[in-house]
Amino acid sequence: MKRWINQIIKKRFNQKRIIKMRKGVMRPGHIQIRVLDMDVALSHYCDLLGLIEVDRDEEGRVYLKCWTEVDKFSVVLRETDEAGMDFTGYKVIDESTLEALENELNQKGYPTTEIPVGELNGCGRRVRFKAPTGHSFELFATKEQPGKWGISPRNPEAWPRGLKGMRPTRFDHCLLYGDDLEGNLSLFIDILGFDLAEQVVDPEGNKAAIFLTCSSKAHDVAFIKHDEKDKFHHASFWLENWQDVLRAADLISMTDTPIDIGPTRHGLTHGQTIYFFDPSGNRNEVFCGGDYHYPDHPTVTWDADELGKAIFYHDRELNERFLTVLT
Amino acid sequence: MKRWINQIIKKRFNQKRIIKMRKGVMRPGHIQIRVLDMDVALSHYCDLLGLIEVDRDEEGRVYLKCWTEVDKFSVVLRETDEAGMDFTGYKVIDESTLEALENELNQKGYPTTEIPVGELNGCGRRVRFKAPTGHSFELFATKEQPGKWGISPRNPEAWPRGLKGMRPTRFDHCLLYGDDLEGNLSLFIDILGFDLAEQVVDPEGNKAAIFLTCSSKAHDVAFIKHDEKDKFHHASFWLENWQDVLRAADLISMTDTPIDIGPTRHGLTHGQTIYFFDPSGNRNEVFCGGDYHYPDHPTVTWDADELGKAIFYHDRELNERFLTVLT
Amino acid sequence: MKRWINQIIKKRFNQKRIIKMRKGVMRPGHIQIRVLDMDVALSHYCDLLGLIEVDRDEEGRVYLKCWTEVDKFSVVLRETDEAGMDFTGYKVIDESTLEALENELNQKGYPTTEIPVGELNGCGRRVRFKAPTGHSFELFATKEQPGKWGISPRNPEAWPRGLKGMRPTRFDHCLLYGDDLEGNLSLFIDILGFDLAEQVVDPEGNKAAIFLTCSSKAHDVAFIKHDEKDKFHHASFWLENWQDVLRAADLISMTDTPIDIGPTRHGLTHGQTIYFFDPSGNRNEVFCGGDYHYPDHPTVTWDADELGKAIFYHDRELNERFLTVLT
Amino acid sequence: MKRWINQIIKKRFNQKRIIKMRKGVMRPGHIQIRVLDMDVALSHYCDLLGLIEVDRDEEGRVYLKCWTEVDKFSVVLRETDEAGMDFTGYKVIDESTLEALENELNQKGYPTTEIPVGELNGCGRRVRFKAPTGHSFELFATKEQPGKWGISPRNPEAWPRGLKGMRPTRFDHCLLYGDDLEGNLSLFIDILGFDLAEQVVDPEGNKAAIFLTCSSKAHDVAFIKHDEKDKFHHASFWLENWQDVLRAADLISMTDTPIDIGPTRHGLTHGQTIYFFDPSGNRNEVFCGGDYHYPDHPTVTWDADELGKAIFYHDRELNERFLTVLT
């Protein structure tokens, strides 16, 4: 065999990067966010952000979705006295995959809890576990699938009329702050079949940030190193283009919504973005564009001393708020 | 178990749609296009379309790539006296996946030919086979991976300076015309693990067009029903946004390049697009945007009597040229 | 004086182009369009095109405006049994300018009719006259000025929430077909103080199209040579950007509105555009971008044998419909 | 006459706003900027900002222009040991207008200096005077007019190939800081025929900022109240769209150019913008979009306590740097 082929293969093993097939985790399926006042929250999430209310349950939780999502819901709001994220759930390809992953989690030291069918309206059984950073994750295989909002599955129009606010197309990912990034890396790569698409490393080789994907998106979940466990940085929603990021920025201003930063671009993933806060203090992102990732792509690495540019590509410096305001 | 869950599962089986894990085919990896005059072709593909020349071989073939592609090349031009596509190749996740698919192809009636390592510069062994529509496809697992063009893998900038022409980011897919769409459907879904993302069906239920994906892209290959076998409709390249589609249209006009249609939007996939011809008469597309697909998404169906809108969403009628000019 | 200065001055006079100060005509102020069915027309002009209804009068006419316009209205719809344009009016700087222009028109062979204050709700007296091409034009100096729609004049937001349809920002110009272009040229340049921004000329030097401006816009009115007098080609409205042209195209398709052509770019003025028809058969344009013109700018000239590219820059050929369907 | 017409007229006089015809000042024609090192400056202004070098003179000054400008140059760089603006010049409609304005300036207390033909290469005689804020302004009527760069005046393409950097289309305006805003207001409105398009006023009615126009642009010059005389805040260049603002932001980052703020939108004028610094510390702006102004439009007013939002519409707070870093 030609030498360059041997070199390619050798290089891969030296990197300890073995390309693997995915293990059946498809995408971020939902996130449950705690809000302090439901009416105020709904005004934010529906009128401004533009999510669509699809259901409420007996506990008072409200179910929301974005218009391109075929499943019933992607965001659940729960009213309580402390903001933050309760959990986020990933949809796997079928019930047998769910079982297999459940078994593997239990075997490898991640005890799971079963949340029964219907505990969330229209959602099948969920398998919940804690990541090493303290965050609660779920896997599920079944959810009611009413299809895209306002669009026929037959001869579908380009987009539905009647969208509100920022008109996000989907719940894209969440970014979480926590301590044990190496632990999460092992969980997400070895058990759940994610890839490490991007990372920030310090001079000692410690990871300051990891961006993980189970698709060709630049990130399906991301973690940033932080002393405390189980902190929520933001939930992120996808916009169609940079013009819509401007429109989002304008709406943020018109509604006197607290802005964090943007419109700008990230260095990491190169997405075009804006950050703002919901009335409970939870951070939201809407963004568009950015890089794609396949399993054979090398991990993109940013050096910690370029962290400013990695996070905010244009300003090339961090604002204190982005690093410290968490829920 | 709750009734709606049973209904979801029942509905799936009634549709004869069983969600399966992908089988390790990652993405369109290359296409070899026949051109009548290499110098003239290069002026088109490099200066106008904006591909980057990366190599030439002893046979006189020229290797091109788009800037975001980490592999060595994605387009190979071969000078000969008849335009068209020689073959298109898909990258699989590793050599053992390649072997497994090779075996399965042979067992299921698709005899394969092995193309040795290095027959294309920098490419590992390829497994070639004919689809029922007569088109030549290849699978391969290994290709030199110099990384994105003009971009460091460490602290990467947003895009490289010095791009030319339309600045496409990647070879996205090809659209092929042929007779036996049902045969191709079986090949691509059952053996290669693709999904049927979109289709056009006539009143009798015959498929007039099938759009297949092995990722979350709306199509990684597409076929349109046609009496002849092995016809090439177009190779398609990804642009970043609708503004770049306008820029491409302007460049087409400035260079007196024959246009087919655009800027416009497709109904199928809802991509935003423009079509034009290379100097040999091969059709090219550059496009952006459009829908995404996950394995659990229902197939999007267009009725054949809406074919005009399915193909050209704004004009809602086909131009004769689009249907009949093939290479 | 240096030689190049003499050359500049000489060149100007050779061109018979004397740069003159404007004569107080500011902008297109309104257009009265005939429609066959008012309810159907309002659905088109308000829900699809996105004009805002501001008033109705005893004759049943309906008054519309775009959101950035400070004056009360810019479009008047009149129901009758034949489509077309009744007249279009230009706002001049004040009542004394109106009087001066009225006198000059009468002296130079353009007899005027006075339309009294209030004949159009909220509009001062209008001076009406026929152009050599048979079209009815008006000048006026006073119109109620309620300000931009939905926007405070103090600390104004970027745009109002609640806009519908294509969200045009202003009535921009109309394009008219008629026979005596030289006559109109003399009227608009010598009396009304417009500039000839762009033109199409045939090999004999006859003008096939003239684009005239009283501002720095590429055209405030345009005429195309045609055998009949007094034909209406289209009324045009301004969009903010190319993304909005796509959005307009999508809306045209979603509402099954007859399209003429687009999205595309013009060669003349280089605007980015789409054309469609109202339910009475009147053509509408929405567009963005394009060139600007100052009084010292040379006239841009297109040769008649490049007319296809002049009109449709990307296709480089005319569609028959664009040339022949008039109201 | 109807009552509302009387009210309109009365209201105008109460506002002490008398709509007047322009006095023949057309546009910002040039700005002379002082730079500390010419080679470094040219790398910034040509390679990054994308101006085109068109000439140099015996004094070592370098002449630049943007591609849509028909006149020979719009920016002159002069190497010296202190950054800042030497002067900015406005083009008037012809030499007799220049003479008339020269006479009026002298009569009304603005002594003028004549700069002879050719002192700037290709420029006719200039009439220079000091504004009450201490800034040097010029009027001129004649400049060589080679036409748009890279574009034929006959059958012109949409844009020239070969543009570099941010590809600005024109020098748009400058913003200056100084003490006597009321003096400048009188000079620009009463003598030069500008309109006050926008203003910031404090609770006592004092003007904190004035945006003046001699066209339908939102500003052809702007002044902000400041204790010192003759300070230069920025020179601004026009981009085609918001996508180009992102591209400019990316280029700023890639070239490690100091950024001030952006991409963002202004409240004043609603333009979409980014600010950065040349290597000498002079601030540059590139922007697109925003409002338009006609002579009969009321002045848009921002309250000083909304200054943050007036300047940076999204952040709604000023950065110290924007207010204090001047040259």
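Every chain is named by a letter (A, B, C and D) in the order it is written, and numbering of its residues begins at 1.
Basically, a contact is a pair of C-beta atoms (placed from the backbone, for glycine too) under 8 Å apart; a residue touches a chain by one contact, two chains touch by 3 or more.
Chain by chain, the UniProt names read as follows: A, B, C, D = Metapyrocatechase.
These numbers were taken from a predicted model, which means no experiment stands behind them.
Student: Would you say A-C or A-D is joined by more C-beta pairs in contact?
Tutor: Most contacts of the two pairs: A-D.
Student: Quick one: subunit C and subunit D, Cα centre-to-centre, how many Å?
Tutor: 29
Student: What whole-Å value do you get for the distance between subunit A and subunit D if each is reduced to the mean of its CA atoms?
Tutor: 44
Student: Between subunit A and subunit C, what's the gap in Å when you average each chain's C-alpha atoms?
Tutor: Going by mean C-alpha positions, subunit A sits 49 Å from subunit C.
Student: Any chance you could list the residues of subunit D touching two or more other chains?
Tutor: In subunit D, the residues touching two or more other chains are 158, 241-243, 250, 253, 265, 309, 313.
Student: Between the chains shown, work out who touches whom and classify the graph as line, ring, star, complete or other.
Tutor: complete
Student: Subunit D touches which residues of subunit A in the complex?
Tutor: The touching residues are 242-243, 246, 249-250, 252-253, 259, 262-265, 272, 274, 309, 313-316.
Student: Sort out for me which residues of subunit B touch subunit A in the complex.
Tutor: 1-2, 4-5, 8-9, 19-22, 24, 26-27, 68, 70, 91, 93-94, 97, 117-118, 122, 124, 142, 144-145, 147, 153-156, 158, 215-217, 240-242, 265, 267, 270, 289, 291-292, 294-298, 300-303, 306, 309-310, 313
Student: So in the complex, the part of subunit C that touches subunit A is made up of which residues?
Tutor: Where subunit C meets subunit A, its residues are 157-159, 161, 241, 243, 250, 253-254.
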